[in-house]
Amino acid sequence: MDTRFFTTWIEGIAKAVAENREHLTALDAAIGDADHGANLDRGFTAVREALAAAPPDSPGKALTLTGTTLIRKVGGASGPLYGTAFRQMGSVLGSAPDVTPSDLATALEAAVAGVRKLGGATEGDKTLLDALAPAAGALRRAVQNGTKTEDALDAALTAAREGARATIPLQARKGRASYLGERSIGHEDPGAASTVLILAALRDAAGG
Amino acid sequence: MDTRFFTTWIEGIAKAVAENREHLTALDAAIGDADHGANLDRGFTAVREALAAAPPDSPGKALTLTGTTLIRKVGGASGPLYGTAFRQMGSVLGSAPDVTPSDLATALEAAVAGVRKLGGATEGDKTLLDALAPAAGALRRAVQNGTKTEDALDAALTAAREGARATIPLQARKGRASYLGERSIGHEDPGAASTVLILAALRDAAGG
Amino acid sequence: MKKLINDPEHVVTEALAGMAEAHPGLRVDLENKVIFRRSAPSPGKVGLVSGGGSGHEPLHGGFVGYGMLDAACPGEVFTSPVPDQIIEATKGVDGGAGVLHIVKNYTGDVLNFEMAAELCAEEGVEVASVLVNDDVAVKDSLYTAGRRGTGATVFVEKIAGALAETGASLAEVAKTGEEVNARSRSFGVALSPCTVPAAGRPTFELGPSEVELGIGIHGEPGRTRAPIAPARELARVAMDAVHTDMPLSGDCLVMVNGMGGTPLAELYIVFAEVAAYLREKGATPARSLVGNYVTSLEMRGFSVTVCRLTDDLTRLWDAPVETPALRWGR
Amino acid sequence: MKKLINDPEHVVTEALAGMAEAHPGLRVDLENKVIFRRSAPSPGKVGLVSGGGSGHEPLHGGFVGYGMLDAACPGEVFTSPVPDQIIEATKGVDGGAGVLHIVKNYTGDVLNFEMAAELCAEEGVEVASVLVNDDVAVKDSLYTAGRRGTGATVFVEKIAGALAETGASLAEVAKTGEEVNARSRSFGVALSPCTVPAAGRPTFELGPSEVELGIGIHGEPGRTRAPIAPARELARVAMDAVHTDMPLSGDCLVMVNGMGGTPLAELYIVFAEVAAYLREKGATPARSLVGNYVTSLEMRGFSVTVCRLTDDLTRLWDAPVETPALRWGR
């Protein structure tokens, strides 16, 4: 997977976020403050501009620039968290021109670790971690089993989807939704939903 | 017509105003500030209490007490205007124990003059004067023709009703409705409507 | 109707009780419904009394204090006070130099204040009055009730109040109050109606994309209805109305006033447009107020009031004031 | 959605432009979205920076000025500011004595302020922070995000700001800020939801006779829904929640805060009940604020915040302050 692959991925996220802006905001209205769609759309619009202004010459740089831009433009909880996730991936991948599926799994694991450390959440707290961590795990397992890239990314996407769906019955313990106590039960976590978009764009970038 | 007649009249007004409170307020909402019903209800409730606390011993005193109480309790435009109307009637009737239909016509004319002087309105300005002035005129004519009291008061009531209805197509030139300019057209003046209630109660007090 | 009240009949008295608790500098006569400066009367100083219907808070009670009013008489919601209240207030603030009534031009306010003034005069209190009629949404004519008094009331109360603190005479204070009114114009726009507690439902209905132009401060309908437009355009509609009536020039005192339910950020957006408009006309927004000063219960919208300042008026505006809603210099 | 805006994307910047026009005592950096005291930095004085999502005006920008904040960083509506803004603000107010960040306890605010603080520290600016978490509607627990920061923010900003003016050290100012927070509790009630401009529709729906209890300041739903009740009862629900968490006693600083859309008279009615409640418990409403201080756009409702004062805190509260939204003593 080359730089082109990663910029395609990020472009794909930007497109998906723009298209799903209202949906993410509606999810956030139910158990948060109705800005998740606007936040990510603002962030990824800026990411697009940043990538166009200074086209990166390695996957790692593309991801780091994405992370830095998210931190600089999003605000809210999701800005630092997703920003850190992308920056961690970028830092794992360094300046290597090509990325193996195993490298990508390592990068996603680093993203998970970064989010966990920064936000202090664990799985089951009803956050984006509930989609991101299973996705990273599924990718690692698929890679270890020698699954081909498209299928490995399919597995990661499926795991993210299931993880996001599984946030519905949970009571939130982190983020804004936690203020609702039991009333947070019965709603999908908006961050988990946007993580699914990110994984879907990753799968799409692989084509096939 | 004795003191009893006049207290019956005033009690009748109080009852009619309470029953039509919402209606008067709705008329005032359309071209004013939605308080005419509340204003008069507050005023005549206080009048009832004042009459009970110090039962007057002449028609004139009953009317003066009514007027003074309205001035003291209503506020708004209608408080001073109706207050003055009743005080003028009281002052015309003095402390005579009995009132002839002709005295009553004189009293109503004094009320009209008082309202005209205080508020500066003339007929056609879309105010309570448009009901009160024709009522006074009709009563005077009926009395001059020797009509019997019930019928004379009927004539006054009919004139008030027609006067109030005739305010509908008018553009207001006085009071709060005047701020609406042309938009005041097409609505009955709330003060004219309450004047009709006052004349109807007067007619009812005469029985028959 | 959802409101933070206990009973529509007791809104005014209960709110007064809260004011009394919150502001030790005030003395609130709950029985007569008058809000006094605790120190009133000030011997030798002209007393300033204003009042009008409730529902416009902080007007007038929030402007009682040093450098502004000596007393305020709140009527029922959107209903002028009764003469008794005004008499009580007037006598209570008479420090021997006479009392100025600041009256907004509504038939009810005018009549009740006039009645009170007559009775006070009979009892030997010298009373003068200033009539505020700044609302250009209403056509001015000798044959109508004339223009409403709205935002300029705050300017008149502040500036006349500052002059009274200097020991000026009743005639001088009245004259300056009239000058402020003569140099001031207002125009209002509503995005939503308001609900009088005793009426229980909104005074008018507005569609989801309609606004009322030329709204007053009593939830009364405006002169025309228009589709919602960007703040920039609504600000220009208001400023055009003001400028047409009174060409803008020189240093101006500008108030962008919320109607009670408008977020402050929106008022600042409007203010930015108003300031730009003034500059275009060669005038300067030299002093300003942005916030809720003359409200219509929970109405959403704004009004803009402009006063063309003179050096004297600017000095009086800048003079210290210490009231619940306006305070600087002490 | 009817709002006095030009474009949902530009609400924050255009409102900042209006603030810059209205308040000559402020210097507004429109590019970085930071509101500075015009005189910042003050050499030798600890700098105070706060910030958070917009939509809570006058918080925080309205509290920039003498005796309170040195700078505020407004994020998008209901969205924490980004680290760049906070860094810009922090560096801009560092007068050599270090900078205090006053942060409301929301994941986004905490993370963005932390990132900024780290980067500032790397550049040699000493930064301490006070976390405000006063909202008793949220259960406190080590395993959750903890309590929200709401009304107490105003108290922390004012009191820490007053102490900083005396030349106190960063550690002292931070300690006092923490003390104010520790002695303060809040609870909020909503009568209506609010609409984030970029979202275009209300965050939640409330029936015509429902209220949300335990509402936050971001239009987020509360903990329970209840039928509308008299102001007296709603005030007691709020005060019971406060008192259960922190038994009330002694002199208290009390804020009855509108959420942006509540008429002032209604807030005074609530305040009267709150004051009565305090007296019942043997406490005294020694100082108070009644009005819109920490809003949620055009939301209707109220929140009450109580701080149990000490003599020192009272003195600092009474000290002069000169900001757009809070001003006395100068």
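To keep things simple, chains are lettered A, B, C and D as they appear, and every chain counts its residues starting from 1.
As a working rule, a residue touches a chain if its C-beta (ideal position, glycine included) is under 8 Å from a C-beta of that chain, and two chains touch if they have at least 3 such contacts.
As the structure is a prediction and not an experimental result, all values here were calculated from the model.
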What's the overlap between the neighbours of subunit C and those of subunit D? none
In contact with subunit A as well as subunit B, sorted by label, we have none
Averaged over CA atoms, how far is the centre of subunit B from the centre of subunit D? Could you give it in whole Å? 54
Calculate how many whole Å lie between the centre of subunit B and the centre of subunit C, each centre taken as the average of the chain's C-alpha atoms. 32
Enumerate the residues of subunit C that touch no fewer than two other chains. none
The positions of subunit B in contact with two or more other chains are none
Taking chains as nodes and touches as edges, what kind of graph is this: line, ring, star, complete or other? line
State which pairs of chains touch, listing all of them. A-D, B-C, C-D
Parts of subunit B lying in touch with subunit C, wherever the complex brings them together: 25, 29-35, 37-39, 42, 71-81, 118-119, 173-176, 178-181, 183
Can you list the subunit D residues touching subunit C in their complex? 2-7, 11-12, 14-19, 21-22, 54-55, 57-58, 62, 191-192, 208-209, 211, 228, 230-232, 234, 260-272, 275, 285, 288, 290, 292, 295, 297-298, 300-302, 322, 327-330
Per the contact definition, I'd like the list of subunit C residues that touch subunit B in the complex. 53, 75-84, 106-108, 111-112, 115, 137-139, 143-145, 148, 196, 198-199, 203-204, 216, 218-221, 223-224
